[in-house]
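Please read through the structure below; I'll follow up with questions.
Note that the chains are named A, B, C, D and E in the order they appear, and that numbering of residues resets to 1 at the start of each chain.
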Amino acid sequence: MIEMKNVSKWYGNFQVLTDCTTDIKKGEVVVVCGPSGSGKSTLIKTINALEPFQKGEITVDGIAVHDPKTNLPKLRSRVGMVFQHFELFPHLSVTENLTLAQIKVLGRSPSDALAHGLKYLDRVGLSAQKDKFPGQLSGGQQQRVAIARALSMDPIVMLFDEPTSALDPEMVGEVLDVMVQLAHEGMTMMCVTHEMGFARKVSNRVIFMDQGKIVEDCPKDDFFNKPEERSPRAKDFLSKILAH
Amino acid sequence: MSWNWEVFCKSTLEEDFSPVCFGTGGEITYLDWMLSAWGWTLSVSALGLFVAMILGVLMGTLRTLPPDNLMTRALALLGTVWVELFRNIPVLVQVFLWYHVIPALFPVMKGFPSFVLVSLALGFFTSARIAEQVRAGIGSLPRGQRYAALAVGLTTTQSYRYVILPMALRIVIPPLTSESMNIIKNSSVAFAVSVAELTLFAMQAQEETSRGIEIYLGVTALYVVSALSVNRVMAFIESRTRVPGFIAAASSGGH
Amino acid sequence: DTLAKIKSSSAVTMGVRESSGALSYTVGDGKFAGYHVEICQRVLGDVQKQLKLNKLDIKYQAVTSQNRLPLVANGTVDIECGSTTNNATRQKDVAFAVTTYVEEVRIAVKANSGITSLNQLAGKKVATTTGTTSVQLLRKHERAANVNFDEVFGKDHADSFLLLESGRADAFVMDGSILAGNIANAKNPADFKIVGEVIAVEPIAIMIRKDDPAFKKSVDDSIKKMMKDGTLAKLWDKWFLQPIPPKGNKVGLALSASTKDAWANPNDKPAEDYAKK
Amino acid sequence: MNIDLSFYSWELIRSYVLSGLVFSIQLTVIATVGGIFFGTLLALMRLSGNKWLEIPAATYVNTMRSIPLVMVILWFFLLMPAILGKPIGAELSAIITFVAFEAAFFCEIMRSGIQSIPRGQIHAGQAMGMTYSQNMRLIILPQAFRNMIPVLLTQTIILFQDTSLVYAIGAYDMLKGFEVAGKNFGRPIETYLAAAVIYFLICFSLSRLVRVLQQRVAIIR
Amino acid sequence: MIEMKNVSKWYGNFQVLTDCTTDIKKGEVVVVCGPSGSGKSTLIKTINALEPFQKGEITVDGIAVHDPKTNLPKLRSRVGMVFQHFELFPHLSVTENLTLAQIKVLGRSPSDALAHGLKYLDRVGLSAQKDKFPGQLSGGQQQRVAIARALSMDPIVMLFDEPTSALDPEMVGEVLDVMVQLAHEGMTMMCVTHEMGFARKVSNRVIFMDQGKIVEDCPKDDFFNKPEERSPRAKDFLSKILAH
């Protein structure tokens, strides 16, 4: 589904990504973790070309992201993305948030788009909030709407960038529940997250990044249960975030 | 259209030209005149800016005082009234007020040179706008900073002196830069009350020589040079006071 | 050229002043009046007849000392009816109709000041208006007589007069008609008087575009006709001796010998020629 | 000299000041609408990332911002007829000047408005497959406008005050109306005072209005 | 040490605190938790009068906070406080942050203040950073400096308001370690936090707040081990934040 080969990226002289290579198959759930500033967000945003990269190749469902001739808006409309700070459009109501891109990008009729959007809104348990504005919802509710918004484009893969780290602790659960359910339904997912509980429960593979490099890329069980095979940096990181 | 830059070398008295473009033996060329006009523009602006900075920082700070007691509330109200009064009257009208109306009410002020009156008018007008910038700068500091200063036992005055103002003033340097540039531009209204600055020169000289384009170009260039110099000075101050590792953003507007 | 333009558009733009004494001033509401304004209205009436237009739309454009020259030169204003001195420098950019009024530059002072001549003004504050020839005139006089005035500038005549009125200046040096007009309009006209020698004599004329002999001829002919048939004398009486709107004040400026002379021998000589005499 | 306000009358205001006020308002409204329109275009040019659009826009804006408005007014008045090839009056010249001049200021306001939209919002729009222009039109500009309304209106108040500078070319604005009245009636000092009061009342009420609006349109984040 | 009796506070018509009553004895470590917006931060800030309150009484070490005659700066100088967003003074270097209040408030000589400050800086393990500015430190380091700053005033009690919730997950540990050590040394502490591990390890008592009221105020062991005695709201909250 997603193939990434030797992707490198620089901001000026500063190299954010160094030769990142990985592969995500249909139906796989991959968790990306690593210290702050290690390039996780940048990596995940190269997949739908929100962050351009200078070297390497990425193909999504056979389409070459790095090819200047690729129709990026079209590609992006097939890749769902959920952000750390939700990024709902604050000037639009929940339903408008759900339908805007369906209408303007996919060309669906407003009524189709609405029906479609409400279906997903129901799935994240927020039908009752459909006429509210984002500012009137709690963080957990906003993030669930954001997931519904991404899903209503019928994406072939979903990217999550720390979807729970801006939430109050009591709201983390409700968002993770939606993500777990999604994984169980077979959605291909790539999640940047530090929620190791989630990684343990549903992920197939864990990628560990440090200083712009993919340091570990291994099956979940190996990652958590074979510390002796892990790099010192990954061991240290794991011990720190699992300690308290 | 043909250029005639010689006009600057022309004497303001006779129909003749100075070979060095500067007047000799008491004679004055238009170039001499323009440079002295530039001097007036800069002097009016400098004095006005001095007044504006002091009053602006003071009034802006007053407006942010916490409503702890009657005293702080009264001071905050003073700041508010000040700002509303001086920013809601056009600067030109304020210049007339200072020049014509106030001396009519307080005859002592008739003795003041118009240079001083105009500087006061510009200074008061600009102080209201600087006060708003300072208030916004203080407001943009996280509320926790004020809490933290109080929590270690600093008094309100101390917390402004050591914590809030040092940061707020750094943050407002960019908007203060544009206010400083504005005061140079606004000083052009001084000509309305007989300060022989650049705009008065431009109007009189173009009348006497009929070479409007050349005269205006010269004057405009001097305005731009002045504004850019102020900009450079402020950039220097900004870089000298920059806090390592701190990134700030503030907005600006106005003329 | 201007005649063709007037003919094709049935419109003409008249440059007027907001406060040039009785020569040209506004009476509020976008209306203008005065000696020169009325002369121009009559001139344009003749032009209309000459061009056989059944309608001529006169647009009034307020101009200032600073902008009247470029406005005429660049065509914004077709005929300027204010208080413009006809001098050699200006003749490089514009043309003038025959002189309709000869101005004497004089000094206005407070009646109780005891000042009676220019030489008493050394070291005193002398007001004049930015963008007028009086500024240069004073400067030249300072140099010639080796005295020093403390000049203050008003942005227009009324402003300069205010400087005198409020005591910021000891004298106001300007064209006599303007002085008279401002005094007439003052709260207490008796507080002021016009004193001293005639500092300069200047022909004041209606200003038109340069290099348009046909238009100049029409304007000149119309004015010359008024000079001959006594219309100008009547207009003088109307604007300078009788009460005028809006307040019904009298300017009280008697017809000067030099103006009479100009009417008798119509000419468009610049100020420099007058100075030589 | 003592102050005498007894000569003020409705008649005086009507015949001298009113037409000036109408022109001041006209000028303010046209310059605001035109300035926002061209200012937004300039802002989009400056943010386009294309050198050929950025540099001319930036040059224009920075030049306009470093010259006094009075000089700009004089410049346009002197040059406009030459550029257009036909004469224009002081009023029209003032309108063109103000639109051109204000565009530079509205450009900077819009630019900071657009930049104040979090990067995440831009990414979110793009991630849904929107093109650059869809993203601008549907996501960024609506939010930027809303965030900027108070600043835009404050700029409009400044603009209204600045209309007093058209005296330099003899256009008849409100201040001019007061001045002429004062001169014709020999009461210049009183009329300056009256002008200050009227300007204050207008600008102060407008700034209150801005406050109210600000609270109304604020997007809840 | 701290006595709080029927403290109520309003913002306009909105009541943030309702009749809050509790007691903290010398050497006690009390953890305050509860959902977002329940008034935890407000409660803790009433103790050193950073938030004025309209009703009720608070005494700290015998001094009445609510008495208008009390010298509040003096009282505050004896109460250490640590904030969620660190609130170091960004224009002052680390040492200046540590010494400013000692010099200006306690009247210590600069050299005394420096020696004192560096002692605590050493204790939080950051001696090497003494000449840096806050902006040049990581979040975890900043928070440790903030703790040292509070300690160098020799406070009789320390208040913490979510000291770890603005930190990247891997930095939470280093700050908690400092706090645990402090608790072991017998410092009187009141901590708003959701780190239940910390509460379990070192606290004596847990206060649970909801909608401005103190709903639970009981010994740590009861709080975690006797769910049957807890209010439904507290049970729900605990289950949510312990779930993932």
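Simple rule for what comes next: contacts are C-beta pairs under 8 Å (C-beta built on N, C-alpha and C of every residue); 3 or more make two chains touch, one makes a residue touch a chain.
Chain identities (UniProt): A, E = Amino acid ABC transporter ATP-binding protein; B = Glutamate ABC transporter permease; D = Glutamate/aspartate import permease protein GltK.
Bear in mind the structure is a predicted one, so any value in this text is a computation, not a measurement.
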Co-neighbours of subunit D and subunit C - touch as defined: B
Of B-E and B-C, pair with higher C-beta contact tally: B-E
Distance-maximising chain from subunit E - centres being C-alpha averages: C
Distance between chain centroids, defined by C-alpha means - subunit B, subunit E (Å): 46
Whole-Å separation of chain centres (CA-atom averages), subunit C against subunit E: 82
Intercentroid distance (Cα basis), subunit D paired with subunit A, Å: 45
Inter-chain centre distance, subunit A versus subunit B - centres from mean C-alpha coordinates, in Å: 51
Two or more partner chains touched - positions in subunit A: none
Two or more partner chains touched - positions in subunit C: 66, 70, 155, 159, 162, 166
Shared-contact residues (touching 2 or more other chains) in subunit B: 100, 104, 192, 203, 212
Pairwise chain contacts, counting only pairs that touch as defined: A-D, A-E, B-C, B-D, B-E, C-D
Footprint of subunit D on subunit B - complex, ascending: 1, 84-85, 87-94, 96-97, 100-101, 104-105, 178, 181, 184-189, 192, 199, 202-203, 212-213, 216, 219-220, 223-224, 227-228, 251-255
Contacting residues of subunit B [partner subunit C, same complex]: 12-13, 26, 100, 103-104, 110, 114, 191-194, 196, 200, 203-204, 206-210, 212
List of subunit D residues in touch with subunit A within their complex: 118, 120-121, 123-131, 134, 138-139, 142-143, 146, 219-221
Partner subunit A, residues of subunit E touching it in the complex: 35-36, 165, 168-170, 172-173, 176, 194-195, 197-198, 237, 240-241, 243-244
Subunit B residues touching subunit E - in the complex, by the definition given at the top: 142, 144-145, 147-155, 158, 162-163, 166-167, 170, 243-247
